[in-house]
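Have a look at these structures, which come just after this line.
Next, two complexes with subunit A in common: one pairs it with subunit B, the other with subunit C.
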Partner chain A sequence: MTSRPIGKDVPRVDGWAKATGAALYTDDLSLPGMLHGALLRSPVPHARIAHLDTRRAAALPGVKAVVVGSDLPAVKYGNWRLVPTTQDELALARGRVRFVGDEVAAVAAVDRDTAEEALALIRVEYEPLPAVFDLDAAMAAGAPVLHEATPDNVSVTRKIAFGDLEAGFGASDYVREDTFTVQAVSHAYLEPCATLAQADDLGRITLWTSTQTPYIVQCLLASTLGLRENEVRVVKPAVGGGFGGKMELRPWDVCAAFIARRTGKPVKFALSREEELATGRRRHPMRLRSRVGFKRDGTLMAKDLQVLLEGGAYNSMGPTATFLVGNFGAMLYRYPAYRYAGAHVYTNHAPAGAMRGFGAPQALFATETQMNMAAEALGIDPIELRLKNAMRPGDEIPDVATVGTCGFAECLERVAEMSGWREKRRRGPGTGGGKGLGIGCYSFITGGVFNWFNTPYPFSAAEVRAYADGTVHLLTMASDIGQGSDTVLQQILAEELGIRMQDVQMTAGDTAMTPKGDLGTWGSRVTLMAGNAVLEAARQVKEELARMVSLRFDLNVVQEVELKDGMVRSKFRPDRGIPFAEAVAMAQKANRGKPVVGRGTYTPRDMGLVTPTFSFGAQVAEVDVDRETGVTRVTKVYTAHDCGTVLNPMAVDGQVHGCIQMGMGYALSEELVMRDGKTVNASFLDYKMPGALDMPECEAVCVETHDPRGPFGAKETGEGPISATAPAIADAVWHASGYRATGLPITAEKLLAALDGDDSIAGERRAEASCAIPDPRPRG
Partner chain B sequence: MSLCKFAYHGPETLDEVLALLAEHGPAARVMAGGTDLVVKMSRGQVAPAVVIGLKRVPGLGDLRFDPVHGLELGCMTRVSDVLEHPAVAAHYPALAEAAQATATVQIRNMATIAGNLCNASPCADNAPTLIARGASVELRSPRGSRTLPLAELFRGPGQTVLAPDELLLCITVPPPRAATGFAYLSLSQRSAVDVSAVGVAAGLTLADGRVAEARIVLGAVAPTPFVATAAADALRGQRPADEAFPAAGDAPAEACSPLGDVRASAGYRRKMVAVLVRRALERATARALADGRARTARPAEVTP
Partner chain C sequence: MKQTIRLRVNGDTYEVAVPPWRTLNEVLREDLRLTGTKRGCGDGDCGACTVLLDGRSVTSCLMLAVEAVGHEVTTVEGLATARDALHPVQAEFIAAGAIQCGYCTPGMELSAAYLLSRNPSPTDDEIRRGLSGNLCRCTGYQKIFEAVRRASDRLKGAAPPDAAAGDPAAGGPAGGDPSGGGARP
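Up next, the complex of A and B:
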């Protein structure tokens, strides 16, 4: 491996261990005397717990602890620490359950079988309460109330507005209004949640847990148990995916830690796939009503977006989703006037949370589908319509965000070229013998600037320790959950210090060992934020070593010292230099043994309300629709994307492919089907996630920009592309069949019904559905 | 989910298997690949006190073919064995299609054809083609042996006519016939790796360019594999190009009794039966026509 790893196809540093099964995930860990936990979950969607009797369970041989809500401190938690009224969850229910799967009791026993046997011995009498399962029922007058503090079931509302909306619509030649609905889908990360807690003799906790956010879990677990923050140590082992579903403190973390303290024994909880699918976090189902106005020539004049988010029984990350969907609704195009109103609504379903793309897949399915509908109505090619209105570098969303680098227009041109768009799209809808192609575009944040967690620490931090043997050790709380950030951060470090990948070792995601702070893996933030922290730390080391070489060779002060090929040397006179290891040894001796250490942090400031910088991209999907079965096969996907400067092409390709896989499921087959509050398809047999064999051919090009805010010019790529795929496929289905989907997923059965003129199955009735947000009722 | 407590036996001869079955009867379950049984046990759907594993008995996994006796699949023949066998590819392409439609590579490498049949799931992919192909099964117990047409094995979802002491020992498929083609088509939401919402096996024998005999068997649309006898009989004497084929699926679609569930509604399944029957017949016809004799003489060995 060269000493210039940036921009190269550097393989995953964790790839071998994961491919061979050597990587240790939380459930692989075991400690002497460890107990196994299991959770009793509510079988009913909404009820008062009239009676709870755990005596028989506690008496079962092998059972070491049975815990119910009243045993735990009554401390509510939630990620929105900045606004404590949004923190509405308890680890175990106290007197009331609000969804099927709400945790009621926890058991720890000598083995998993005994723990599950004990669950069956717990007697719970539920007094059923009326439940609400959809937006309309939840918002109706006199609807059952889930949380007394929220009498209208609307827990959060957010607004964004700029420009003169009335003037914009008034000056429009063409105005259309459409309603879109999107479903709940699962993260379906391959590693179900697991946690292992150990308590020391003072009751301090070490928690190994499958998380994206060790720091958030550390803080919230401490406050939930009445401990100080650093009396909890959270360690992130290998994590098998998260996609937003593992960024909160969860009940099993609390129960494991509580029981470990009570029994003095380590306690592990590991969820099953069925628990994950039936009760786990999910992407917010939404109803979006969008009114948009154009000039006859296609110039966008105004947009009015109203969105209702079905949040389920608790807030989870809903407050952020409620803002972001409005933000993403304003992205991609230059809207002279824009108004957004969103409301997060409680229902008796498992709570929705953050999920890859967070707010963008929903907002952009609506935006992009509506653009395609408008293009059709205006008689303008969809790509031309987009080019006419595309955001450009330096554009602003007033009072919200400024667009820095932006290769959107170039992405549109490139994707049109790659896909043969102008030729293939010339034919009318439904005339291609079942074949069609369609377009969708995206923009996404590269990390969030928001501090809903109210951290007093930097957003990211890194420590670099350089040793006299030529190795360096990188310490950061940044959490690789499978996205490849450990690899990219090591690339950044190796590049900056001019050393090889194998000279770098890394300790990450351990709240006791790695520098504070880090907000975790979400919002496509790690490469930019942790990357900048690593860069800053590396530069301190570099400066120290440069000083040594400058001294040793008596370099002129104007001479640059470069770290390259394992050497620290004058750039002007490369013969004047010494190996990296020697330079470290020199620096240490010069400082009387003080280690050579660099410390870097990153916290975004004065960067608007959203992000340091946005990614952009355009995608074209080709499909084959079987008119007789309704089955849609995606045959090819072309992507042109602007992720800044590419740090690792192979990793970027992997992210694009992953986004296409997830976007395809969202478009065509994935949905958590709910009946009376229960998830009907809680297994991978019936939750239809596309597999490797369903993947289309994927062709992607990077339209490189150099973003001054990203390390080496990089922006995000892990989440953005997912939002383009569903609208691109939906548009391709229209082009192939003539059916324009305004709801997802476009299952074979739905598509066939629609093509056969049977609207009852396709669900077109929602055109009448309201997205109006009622006036708030007085809070209790 | 936790597994029930059970005793595991790993007999090494067929006689030992039969003795164990005789001894434990209804308390015992036979395990071939275990891909259905272990899942059911871990979900608590079955709780056998005794599990009799077959993998140590030599010879049970043999797959034999000869042009006179046809194809014989031992009860430990894995789905992937069928998928990969050159004789199956050459003479029984529809069996390979059904094997290919079964689950995933990993499961196909463990699961057996006999297990797929004995599990008696209405959507078992391997049942319709084998029935259409006229397969029979040999059931063995300490009391003796009996042979049944495969269609008679099934009683309902998860239920077979196997007595508690009986083992499905082998499956026999008649030899390939001249001017005959079969095909299996299934439909599911994913293009691969899925459970079929509808499965259709169809086959026909041609003589003088006309249908001499046809078979249509449906999966996942009735409690047991559904043999659409009337619809198949109605094809007799038709020319493959005639108008009869486009409508050949309508009668079976009418006659079957699909359920609606999260995989597909009953109405959609019915519609798909009509489509898939027609397509399967088209593919079967192409295979039959690939044999030059289809257009000429009436094949002598056509039997019901």
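Up next, the complex of A and C:
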């Protein structure tokens, strides 16, 4: 049996539990005497709460607690702990609601039916306030203000600038300016959020919750309850997907913990799908205005990007999005001059948050579509145009980031070959009998170096306990939410210690039991950051065991000791060695029984403002457009991607496929449709994500690089590819039909209207729409 | 208001007192504590709650518990016959990498088991149609299709097709790996 799991199709370590139904998700947990919670939400988008009467609800038999905003400590929270003024949320509204779904009260009762009955008995009088539902209304002079501290509704602005923009455009032979609009979409993870809180005699809390970020939930929950951080223990059970939507403290966490402390009984909240779709986090809708200049030969000269992000009623992860969209706008190509200005705008919609690809799907839909438009205008093949400008290893975004390994150009070559691009793309748009193919590309971060959470702990940590029976136990707060990080981290450990996967056990995602800290699962950070922490911990164990073997066999000091095939032995003289278990026993005895333990941490330093390293990739989509119905079918998607060294090909494939599914929904069918502040399609029947019948054939190749910053050379793969799919499909739709979409989703209705020449319905010609950021008004 | 009913689930008989409006999904998950059956929407749209009723797939969130009286219910907990004897569909879901977050998995597996019980050699198109009632947000479905193809091959090779049809719980053994399918290197 091999002890070299890295690079192999290792099946998931949680596969058996998930295949048999044994895996426990939060809503599967139940404790004796447990109460069931339910949330009362605002039915109006913006109002003052004039009157709130909970007496009848509290009197209902079986109801154990009714909580409103004034019961809870008035501590605002938000992930941007580094800048406390951005923390603008309360678990339950105090005097004011700001979106349809804003939480107003919480009830806990002996069963769910009673809790829901009680909700209906709560009387709330709302005094409506004027509401704003789009960027222009929110930014207009005299617009209703959502938060007094932000009188212009612009809660965050960010800028990036380098190079001489004027000179760049001045020297350009071809300049174009376009406006792109992208919609709100849902994470639509299959497991709705749930949480279960239990208090002890001193009111300390254990919280099992469906989260990507146990440490963040721990800290923020403690602060909202007035507890010390470690008086809250957060445990992450199996999580049914997150995609960025489960990386914050949420009102049900606070309410469950608060009620558990008050009643002394465990309390569970489990959201419905309707709550998730109608009120849950979503991808930021954006308007992006991009001006870009080229030389006649296709050389990029300058880019000026202005972006307005519709944030909804609270900041959530908006401050990060506002920076990242500008960062991603500068990726992929060499821009001699670049300027970005972004603004995050409050509206009376459910707040947008982080979502897979965070900022990149929007930025790159604009970048990539504009590249394709420019290619058309310049008469240059889109792949050639990209190759001419592609980022190369060592390139810099001045003062922001340095590109380390970069296989982008090779990805472009490979995807052209795989897809037969040069042959198939030769024909003009709309001449292929409804068939077409198009291209989109991506780059993404492998973990963020930013510390908006202001953690004083390492970004990732791992402890490895080696035992004299040959087993090891890995402890880390890193959180597998379905992407497979538990498996990859165990692979890394087994590889480094030369043992088998089944020799490894693991405890993860428990803030009391695993070493501090870990910022959680977001920004494609886990493999690199937690992976490096695991490697460091493993190397300490390795070092100790190597010492034993050197002593025992009196090895020459220049001889390397290797851990392989369950042995600790001289690399030069493999017969001089002992089994791993024996080496651990020796080390323990030599240290008066002290356990053999390794502790590793990872914190990025001096790596610019963004990430240790970027992934890259290129994707070609083939579509079939039915000119009668306007329906676009994606028939095949080719992907060539650089995710560093592949640690688990099967897991990497799975991430690419998942990205394609989500990117395709973004391109063609998914949109949270809003009317008067309400989400009108809050069911899976009406919110259309691609299903088994819709998925195209997917073919992917890895253009491997070896990144010195990644464990065994690895980079990210879980988020990047999603950003390529929508622009690739949009370009393919153009090639198939002649219609160039600058807005998403490309629904059949829009496509038909556009093919009929009706721009008003297509709604994409927004040349006049402004993305200018008004001068800030004085802040209160 | 409550009425006592007898449910047959995975070959066992349970007596439970339930109000008439309680869904099979709620009774399975909350009364019988068979939490392998998931709830993704409660509206019949996602398939995460799929179980078999007399061998046919149904969404348990749309079915009242009282409607299941007199029928044989199979949940994901009833698919494997022992820890190391998974149903071929389960074993292949693990081996093919068809599981990520796993929340759609029990429902997917039951839909796949139902499909293979009716049609031991489905075409790719038939596999897609057989799973069209089950949403997955993680995998992009590719590896799920592959797992079903492989399970179909294994079912045909392992046992006379009739034995594995009809009753999915009687599916062939899941290969020789004592850790329960999905060999670890």
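Note that in this section the second predicted complex is superposed on the first by the 778 of 780 C-alpha atoms of A that agree within 3 Å, B and C clash if a C-alpha of one lies under 4 Å from a C-alpha of the other, contacts with A are read in each partner's own complex, and residues count from 1 in each chain.
The rule is short, and it goes like this: contacts are C-beta pairs under 8 Å (C-beta built on N, C-alpha and C of every residue); 3 or more make two chains touch, one makes a residue touch a chain.
Just so we're clear, the structure is a prediction, and the values are computed from it rather than from any experiment.
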item: Subunit B versus subunit C as contact partner of A:685, first or second or both or neither; value: both
item: Partner contacting more residues of subunit A (subunit B vs subunit C); value: C
item: Partner chain in contact with A:502 - subunit B first, subunit C second, else both or neither; value: second
item: Touched partner set for A:256, first subunit B, second subunit C, both or neither; value: neither
item: Contacts of A:673 with subunit B and subunit C, given as first, second, both or neither; value: first
item: Contacts of A:234 with subunit B and subunit C, given as first, second, both or neither; value: neither
item: Touched partner set for A:752, first subunit B, second subunit C, both or neither; value: first
item: Partner chain in contact with A:628 - subunit B first, subunit C second, else both or neither; value: first
item: Touched partner set for A:24, first subunit B, second subunit C, both or neither; value: second
item: Touched partner set for A:272, first subunit B, second subunit C, both or neither; value: both
item: Those residues of subunit A which subunit B touches in one complex and subunit C touches in the other; value: 272, 685, 691, 693
item: Contact set on subunit C toward subunit A in their complex; value: 29-30, 33-43, 45-46, 48, 75-77, 79-80, 86, 90-91, 93-97, 99-106, 109, 127-129, 131-132, 134-145, 179-185
item: Subunit B-facing residues of subunit A, complex; value: 112-113, 116-117, 272, 274, 628-629, 631, 633, 668-669, 673, 680-681, 685-686, 688, 690-691, 693-694, 747-749, 752-753, 761
item: Residues of subunit A that touch subunit C when the two form their complex; value: 1-5, 8-25, 27-28, 30, 187-192, 238-241, 243, 272-273, 481-484, 500-502, 650-651, 653-654, 656-662, 683-685, 689, 691-693, 695, 698
item: Residues on subunit B engaged by subunit A in the complex (per definition of touch); value: 1-3, 187, 189-195, 262-265, 268, 271-272, 275
